[in-house]
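Both of the next two complexes hold chain A, though its partner changes from chain B to chain C.
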Partner chain A sequence: INHIVQNGGLYKRPFNEAFEETPMLVAVLTYVGYGVLTLFGYLRDFMRQWKIEKCQNATEREEQKDFVPLYQDFENFYNRNLYMRIRDSWNRPICSVPGAKVDMMERVSHDYNWTFTYTGRVIKDIINMGSYNYLGFAQKAGPCQEAAAKVLSQYGAGVCSTRQEMGNLDKHEELEKLVARFLGVESAMAYGMGFATNSMNIPALVGKGCLILSDELNHASLVLGARLSGATIRIFKHNNMQSLEKLLKDAIVHGQPRTRRPWKKILILVEGIYSMEGSIVRLPEVIALKKKYKSYLYLDEAHSIGALGPTGRGVVEYFGLSPEDVDVMMGTFTKSFGAAGGYIGGKKELIDYLRTYSHSAVYATSMSPPVVEQIITSVKCIMGEDGTTVGEARVQQLAENTRYFRRRLKEMGFIIYGNEDSPVVPLMLYMPAKIGAFGREMLKRNIGVVVVGFPATPIIESRARFCLSAAHTKEMLDTALKEINEVGDLLQLKYSRRRLVPLLDRPFDETTYEETED
Partner chain B sequence: VKSFQIEFCLDLFLHFCFQAPAYHLILEGILILWIIRLLFSKTYKLQERSDLTLKEKEELIEEWQPEPLVPPVPEDHPALNYNIVSGPPTHIITVNGKECINFASFNFLGLLNNEKVKSAAQASLKKYGVGTCGPRGFYGTFDVHLELEERLAKFMRTEEAIIYSYGFATIASAIPAYSKRGDIVFVDEAACFAIQKGLQASRSNIKLFKHNDMADLERLLKEQETEDQKNPRKARVTRRFIVVEGLYMNTGDICPLPELIKLKYKYKVRIFLEESLSFGVLGEHGRGITEHFGINIDDIDLISANMENSLASIGGFCCGRSFIIDHQRLSGQGYCFSASLPPLLAAAAIEALNIMEDNPDIFQTLRAKCERIHKALQGISGLKVVGECFSPALHLQLEESYGSRENDVKLLKRVVDYCMNSGIALTQARYLEREEKCLPPPSIRVVITVEQTEQELDKAASLLKEAAQSVLN
Partner chain C sequence: MNVGVAHSEVNPNTRVMNSRGMWLTYALGVGMLHIVLLSIPFFSVPVAWTLTNVIHNLGMYVFLHAVKGTPFETPDQGKARLLTHWEQLDYGVQFTSSRKFFTISPIILYFLTSFYTKYDPTHFILNTTSLLTVLIPKLPQLHGVRLFGINKY
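Entry: the complex of A and B
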């Protein structure tokens, strides 16, 4: 469904998002493909059981053979028979900085991917379309690296204590003030791991008796944080505002299930850019709904901070909204800033509360000083405070690269999901065999891509995902596009029928919604 | 021809109808009527049978007032005002502007300021930059990570190791990867918060046994055995685990591992050992509590530790047999869905391991220092030492409570402030009071490192005596 929305008043710019439907023939062939693989899987398991084929799995110790088995046989069926065959598309080891071009260690397998050996050769200058390097700060030389080196020699690599005990360095305070200024919020707090930021702070904000409304395609960290909090979780269809509004209405009108008490608070969990779909959240509508129904908004900008907006301030700036409307602005430093860690920004009361009650502040070691310095330098660069226009240029370059790349791929005839402005570009593959084939063919042509299949995506919607970077020059993009075109013809990936469907949101079923209670 | 065919079919149908027995026809007739009824009946939603009008719904929406997102925190809350450390948190530390000797950071082997470690990290920084820009599965695996995993596995003498980029996430992701809903986990009461979160995420049945009390654990295991005999089918698929720590963070003592191994084979339970404090501290070569007791490392199913204490880096690792560890590469949440460890921190950890391997006598030195201060701190009026004599992370608790936990915390804060003003940096052990399952009493954390000289240890002991005298009397 392709739609261009200029919903009067709420949106200040066109919102072009497309999710072309799976062609029927392709869907059928994909199911057939999985069916054949499953049959062969059963055959192989049978042969392994009867010792016709050598079993190369690691096995339990002799002394513990009578213990309850640690893994169920069926759990590993997918792992043994489908994942193992194309395992070489993942966990590819690299040995250089993960910039626009990367060096990879060559590895071969002589037993169909059960074990790998490194030949010792290094494949040089592979165009890297898989690393989350949106603004190109993954560099081994330059002002960021020099500043980090200085701090490393002064402070050392570790911290050996938690924030609340003896681990709060002056560097951390400096970072938090800078991040708050960058986002335009009152105050901010930084944590050592992006995943842990979600899983440790959502339980501190909501608890039993609260309601969490979470998008269908939220990241595992948000789902884990929501589960650990003990609140009731209800899921609304991906980016679907009617579904969200219905849930909100029902929640307030009917209260908690069975007891009918009113909810203590309602928290909406959304992401800025969804990394598997490439879609951007409909933030103006979400904020309008949140204000109307007096709920709170938790925005996870892991992929959108630095990558969207005219000055890289994220999805809030992209839509021209005020950061005060978002109650909890969360993001990570791994993607656009070339470092590691996460942050939460918001009002001063919120951050003071998190400083006192966040699990990470009390029990987890604080961030490493050179990493903190990298973030400080890169944020200053993006804001232009280091005296150059490098940051601004990078944000523009990324936006241009995104538009160019997406336009060219669509013209070639591939099915591309997601919003026109999102630097995450999923290209649909569908069939299981093409997942492995695409990854390998692109590697032969010296381009590194990321392919994803089940369980990260629905079973028939496997895809290749390109992450654009400001460090990619036009020549690199052209080379990549040429190779993708070739491989697309070779593997017959050009499924798009370019049909424009009338302006409707994805239909959803009025009578049911999913509720999960722990 | 067509009309003839239709007539023929109709004929055949009527023929069979009259041939069939009566009950068959009646049954078919009832079924057809039922289908017609279902087709035309109205569907109703269970939730909306309350029949509120639109106006009433809007009124409810207007009236509803949520709680504020966060309750306000008073300005003088003890956990709100952090100590600010200017400069590196090494042996001499500048806290809130004052220079002190550091007795609060877990820098057991003094590797935080080690020049070799720093230069290894610098070399890695020059080669790889800072961040890895991706999870392990998507171009986030660097050769440094693979090297660190190999080195850790070799050092601990296991088959395989897996590294995480955050110490807390290590055990909190490892436990839910194996233990699922319906499985049973026996865990010590004094387990640290990371283990508690891992258990909560796993949704298994948790059975707490009293701290280090093997009799209590055996009682629980026997109860489980009798339950199993009632329902053998369910017992055959229920996995059982014991989760213990090598050196407990909350109490400073060690777990009785030989007895646990006996219980493991008697009741067929797997053991997960958390060695964050004992890795690099216990044992002749620093291999942890298994070396301390001389136990075969294959008897422990999974050892998990974080690299943030002895190795003075960031992150954590799990090691064990490939059969167990390999599973986490696809189902460890903190491994698959999170960016990998920055290479400079991995290089720092490798260099720290090198130093540990080359100088095995630092463990003996550390142990001697721990014993010294343990002895020196005995007999302080009002404070008691909690922890083994060779544990480098001790707690000083009040001998008796002065009313409420708040009062105790305030008193301990005054002791800590007194020491800080005189040049010894200490901290109180911090907990989330509402979230811990078994909240330990308030205490002062005393950490011993190899860099502290004997004079400094004695100074710290005498200062604590003075502080206790002046504050508590």
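Entry: the complex of A and C
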């Protein structure tokens, strides 16, 4: 019962997004699980304090016992008692290129995850369902790698300067012109780090007296950039256009909080694909609202560039819109292009302003030349300018993989969040013990997955997140699906009751409260 | 899991009591406690009810009004470190639905207990003092108030 939204002709294609509600029994059992873990946590803390059990944490020295404590013990409670128990599902050391298959160093722990030792064995050919390798460019052989190796021997690895001083290579200029052509914007600028692109450029664009409307589930880099800028931040419900419109209306009618002056700028921060939910932003509606209320739009296409759209140009092409409607198009090269760094694209005046005023341009070292060449080669490959159809084939393979994988998982009975077309597939686990169990069982069966829990997600909604890739062949996906099916039966993860809640009824809290600045 | 990752929800503790199924779990937990106490052969029905009331209020006092701060690091630079969980709920906004629910539930438990103990004086004194320890900290006037400096830091 997929809910198809055709909003007065704004959408040229069906928009199928679904977030099935948590079954009540599962929610109750999840709370019981957390309660039991909390009680045992208190018990273990008590035993550690009275020296019945050895304390593995860092403790203060005897001489400093009478001083004011540096850290609060309680703040570390979750870390000590819950995270430590399942810590082996994260920070796993890999020792090969993270393509469709990856090698991992095996490690064991003899004291319940407080310390790890390597056994010396390398687990080979683990199917990699966790890397953001959407178009499969994380390869160690191929045209991208050859070009990057040649540039490495020509330019070296380091640049040793910032863009504004001696670090502006001709490679950077070539990259920026290429990226601007790829996106369909007037001009673009590239930075060495994707996180730093957001956190360093939002302060350059907005300041005190401006308003930022940011989505509830925006990434840490956007949140940090917004907080650093000093502008007022208001948060609207995730992908909820009624909430956004209400905030826009209130902002324009009431103006700034005490002085009632009009806002200098209103900037809407959204992402193309939200990596925790797998949902795609409702871009046609956001652009309609932006035009109606005359505000600016900052679109972070970290996960959607290269992954959506018939030729991989991102979420703007996916909806069939014009890139001129988006004022600031930001994205990263880490996900679909197999490199590192970020870019911002937009009008020429905007990018010229950012070249002088952005913190990254002035203070951060510019991108390394082999990385730049990797991006140039991969972008040309996607656009088809290297003379082959490899890029187009990869984009289509990713779309096929996405549709196939999601359909099979839904048929098996798991609860999957997100849009039908997003290559990020969150599978709901809910209970804290299943987080660790799922990660370990999948590793035993040679599949590497990423699991996430509280507090990165709401308390009951812990999940396993699969990232599909164009490098996954159908056999790999079938193997993975077979193993997921087995583990799902073993851990009883098939919660879906086949009643997909229509989009507008997603059960958010009626009112949510925000932290107010005193 | 990145414990303490920066996202829009600065303090997840504020939303925990509003999440789906929390009230039901709480009610079931109290029911479970009561059934366990009733099954112990030494306790008569009034004693079991008074014990349920007292233990429930003791647990509520400890977890909502005595323990301060969050069990994980939050990106709010320590604003919530000196606040109890009750004071953190919904970022300090009073009279939200969670607060109303958790104010009314000990009162209902008190009514039931008074009925089942047949309004016996000893039980009455015990139950009333226990109820007061759990109701008074919930008053909006006592938001952030620490009597005699107890539990201040």
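By our rule, the second predicted complex is superposed on the first by the 485 of 518 C-alpha atoms of A that agree within 3 Å, B and C clash if a C-alpha of one lies under 4 Å from a C-alpha of the other, contacts with A are read in each partner's own complex, and residues count from 1 in each chain.
By definition in this document, a contact is a pair of C-beta atoms (placed from the backbone, for glycine too) under 8 Å apart; a residue touches a chain by one contact, two chains touch by 3 or more.
From a predicted model like this one, the values you see are computed outputs, not experimental measurements.
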Between chain B and chain C, more extensive residue contact with chain A: B
Contacts of A:N128 with chain B and chain C, given as first, second, both or neither: first
Chain B versus chain C as contact partner of A:T356, first or second or both or neither: first
Touching partner for A:A220 - first (chain B), second (chain C), both, neither: both
Contacts of A:T22 with chain B and chain C, given as first, second, both or neither: second
First, second, both or neither for A:T402, with chain B first and chain C second: neither
A:Y31 touches, of chain B and chain C: first, second, both or neither? second
Chain B versus chain C as contact partner of A:G453, first or second or both or neither: second
Partner chain in contact with A:N239 - chain B first, chain C second, else both or neither: neither
Partner chain(s) touched by A:W90 [first = chain B, second = chain C, both, neither]: both
Contact residues of chain A, present in both the chain B and the chain C interface: 72, 79, 83, 90, 219-220, 224, 511
Interface residues, chain C side, partner chain A - complex: 1-12, 14-16, 18-22, 24-25, 28-29, 67-73, 76, 79, 81, 90-91, 93, 96
Chain C-facing residues of chain A, complex: 21-22, 24, 27-28, 30-32, 35, 72, 74-79, 83, 90, 214-220, 223-224, 235, 435, 451-456, 458-460, 507, 509, 511-516
Interfacial residue positions of chain B with respect to chain A in the complex: 43, 45, 47, 50, 52, 57, 60-61, 64-73, 77, 79-80, 82-90, 93, 95, 102, 104-107, 112-114, 117-118, 121-122, 125-134, 136-143, 145-146, 165-169, 172, 178, 192-194, 197, 200-201, 203, 235-240, 265, 268, 270, 298, 306, 308-309, 311-314, 321-324, 326-327, 329-330, 333-334, 336-339, 341-342, 344-345, 348, 425, 427-432, 435, 445
Contacting residues of chain A [partner chain B, same complex]: 58-61, 63-64, 66-72, 79, 83, 90-99, 102, 105, 128, 130-133, 137-141, 144-145, 148-149, 152-170, 173, 192-196, 199-200, 205, 219-221, 224, 227-228, 249-250, 252-254, 262-266, 293-296, 327-328, 332-335, 337-340, 349-350, 352-357, 359-365, 367-371, 374, 448, 450, 511, 518
